[in-house]
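Below, chain A partners chain B and then partners chain C, in two separate complexes.
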Partner chain A sequence: MNELKLEYLKLKKKTRSWLGPILVFWLIMLAFPLTVEFMQDKLEIGFFSVLWIAILISMMLATEDIFIEDYNDGSLEQTIIKNTSFQFLISIRIIVYWLMIGVPISILSFIFSLGTSEDLLLSISVIPLSIISSYIFLNLFALGSALSLNKGSLLGALITMPLALPVLIVLGKSIIAFQLGINYLEFILLLLGCLSIIIIAVPIIVSFIIKAHLE
Partner chain B sequence: MDNITSVIAENISYKVNDNKLFHNLSFSLNTGESLHIKGPNGSGKSTLLRIILGITNPTKGSISINSTKDKCYLGHKNALKNYLSLDDNILLMEFDNHPCLKKYIEILDLKRYLDVNVANLSYGQQKKLGLLRLFLNSSDLIILDEPFVGLDKETQIILTDFLTDQLKENKTLIYTSHIECDIDSKTLLLK
Partner chain C sequence: MIKKFIHQFASPKTYLYQVNRFYPYIFYSSLVIYIISLIWGLFFTPEDFVQGNSYRIIYLHVPASFLSQSLYLAMAVASVTYLVWRVKLAAYLIIAIAPIGAMTTFIALISGSIWGIPTWGTWWQWDARITSTLILFIMYLGLISLHNSFSNFEKADKLTSWLVIIGAVNIPIIKKSVDWWSTLHQSASITLTEKPTIDVLMLYPLIGSIIGFLGLITCLVLTSSKYQILIREKTKSWIRDYV
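Now for the complex of A and B:
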């Protein structure tokens, strides 16, 4: 619990790091209706595509400096020489990022979805999808950020972007499935299955990558 | 208290690409002993410390450390968060409830800066804050990379006295320093 509290303290004080991605998401979702006609049916076309891509981009921005600051100021070295599990600390950091950025964005997703579709059930169905997908994206981009630790965050994002594409496909299919009344839960379970693997694998891989960078 | 072997290094070698930084280094240290690693810039002093810490793997050889506690390490970087106040940084170091915290805050003359962001402190003051990690440590093995750099004469004396006391408490000290200090140490010279 103490680690969770300390990670929260660090992120809370870095306003740009947590508020920036939320504002970018908010701006994309606000700007989207301006580019199409203000008619219900026109707005609904493409809304969910924009929503998932906005979540993807926000998560990419959120992980931009997830490890680089600790790498530069020597905190990573201090963490590695401790007897505490490094993988555990990475998991905690990703959870805190998700709670501070992913969850608010999921709530905003619901609000924007309701405002656009005026369909409460459909908007409610967006919540679990955005909550799970934001967590998956955070893990994937954290992996990218670790890979390109001293080479700029854009490279890492480009490397890990292909891993996020299947998730985007599943997200798109989930909404269609919900609208048609078929297999929505199966898609949620599929995403949860992916997440359960990623939650375990990513911190382990990231810890090895960071140790290799420090060497 | 009996002295027991704390650190044993056997035939440590390290090379970067094909350049040998050092070759077949061996030494052992008992508890209560100190090792001063000396050598010119680029001779591999910091690398050797990182090998002892387990951050870097040696090309050849092995290190064994007889302690289960966390190691205390101060490197060139102070591991401080610039955007946080001194108070918050102390919280991050998990020393906020340490019984000796107030004492060392007073000794290092940091009390009036507790609410100040680290970014607004001078290098020396940041270094002093970093020293709290050393002064409040509960480790058996202390590893320091140029600990005297950036410190005024008064703080250098405080640090030297502290390290001498730590050795009396049977802790093991390994350090590099270009600044001469009055600590009774073995010397390892890297060329």
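Now for the complex of A and C:
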């Protein structure tokens, strides 16, 4: 619990790190209607594609400095020496990032979806999808950030982006499945299955990668 | 025991001498097999009753697709070997395979696109198999750029190995994509468990072309790995004797 509180306070202090991605998401969703002729049906066609891409980009931005500051000031080395499990601390950090960035973005996704589609059930169906996908994306980009720790976050994002593409495909199919009234829950279960593997695997792999950087 | 075995037979010096010994045999036999299979497939097999002559691109497309995935799997095995047993040769092989894997994946994508025009009426479709193969191509490029971004070879090897292992998740997705999703791409014609759905007249040259292409690509990997060894072991005394 102490670690959770500590990570929360650290992130809270870095306003740009948590507010920036949320504002970028907000701006993309606000700017999107301006690029389409103002007709409701045209907005609805592209809305969900833009939504998933906006979540992806926001999560990419959110993980930009997830480890780099601690790497530069030497606290990562100290954390590894500490008795607490390093993997556990990485998991906690990702959870805090998700709570402060992923969850607000998921709520915003619901609001934007409701405003665009005017369909409450469809908008409610977006919430679990955005909650799960934001967590998956955060984990993947945290992995990328760890891989390219002192080489800039862009490289990390580029090398882990291909792993996020299957998730985007599933997200697109989930909405179609919901609209057609078929298999929506199966897609949710598929995403949860991926998430359950990622939650366990990513912190372990990230800890090995960071140790490799520090050797 | 496994560690001792691997270290004994995977020293760069032993590998280099063994490669030089077997290389000509692999290269010339593969070249002959591939040329014979190509001539057989292109000129002596009947036309397909639906696709006409356009199907003959399988003698390039299928071997390239098969190898694009196989090379990634080889990299994944080499990555595990490197991370678990710290075998240097495995690290050299990873970065030797990556550009060749990217090349075979590119050939698979391009030949698939060319085949797509007469059969599907389009160059490209965001189909599960094609998209996952494109992801594989981007993964190869990502691996190469990650490795090149570090001047410290050891660190680059370790990080690249981790990325290879993570990216291996894409291989079963590519393999099963035609079964899991309803796709334009046909399902596999040759499997280990079922009877081939392709006629034997087309099957034999196809198997020949896969074996020939495999041999030729193996030769490319061997040459590339030799180059890696020469760069990475250049300070060692045995390299001076070798050169």
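FYI, the second predicted complex is superposed on the first by the 215 of 215 C-alpha atoms of A that agree within 3 Å, B and C clash if a C-alpha of one lies under 4 Å from a C-alpha of the other, contacts with A are read in each partner's own complex, and residues count from 1 in each chain.
Assume a residue touches a chain if its C-beta (ideal position, glycine included) is under 8 Å from a C-beta of that chain, and two chains touch if they have at least 3 such contacts.
The structure displayed is predicted, hence computed values, not measured ones.
Under the stated touch criterion, which partner chain does A:L163 make contact with: chain B (first), chain C (second), both, or neither?
It touches chain C, and chain B stays clear.
Check whether A:K10 is in contact with chain B, with chain C, with both or with neither, and answer first, second, both or neither.
first
Please work out whether A:N2 is in contact with chain B alone, chain C alone, both, or neither, and reply first, second, both or neither.
first
Would you sort A:I94 into first (chain B), second (chain C), both or neither based on which partner it touches?
It touches nothing on chain B or chain C.
Can A:L191 be said to touch chain B (first), chain C (second), both, or neither?
neither
Quick check for you: in the superposed arrangement, does A:G74 touch first (chain B), second (chain C), both or neither?
First partner only.
Enumerate the residues of chain A that count as touching chain B in its complex and touching chain C in the other.
Overlap of chain B and chain C footprints on chain A: residues 215.
For the complex, which residues does chain A have touching chain C?
Touching chain C: residues 143, 147-148, 151, 155, 158-163, 165-166, 169, 205, 208-209, 212-213, 215 of chain A.
Mind listing the chain A positions that touch chain B in their complex?
Against chain B, the touching part of chain A is residues 2, 6, 9-10, 13-14, 69, 72-75, 77-78, 80-83, 211, 214-215.
If we count contacts the way the header does, which residues on chain C are in touch with chain A in the complex?
Listed in rising order, the residues of chain C that touch chain A are 128, 131-132, 135-136, 138-139, 142-143, 145-146, 149-150, 155, 158-159, 162-163, 165-167, 169-170, 173.
Quick one: which bits of chain B touch chain A in the complex? Just the residue numbers, please.
Residues in contact with chain A: 53-57, 68-71, 73, 75-84, 88, 91-92, 94, 133.
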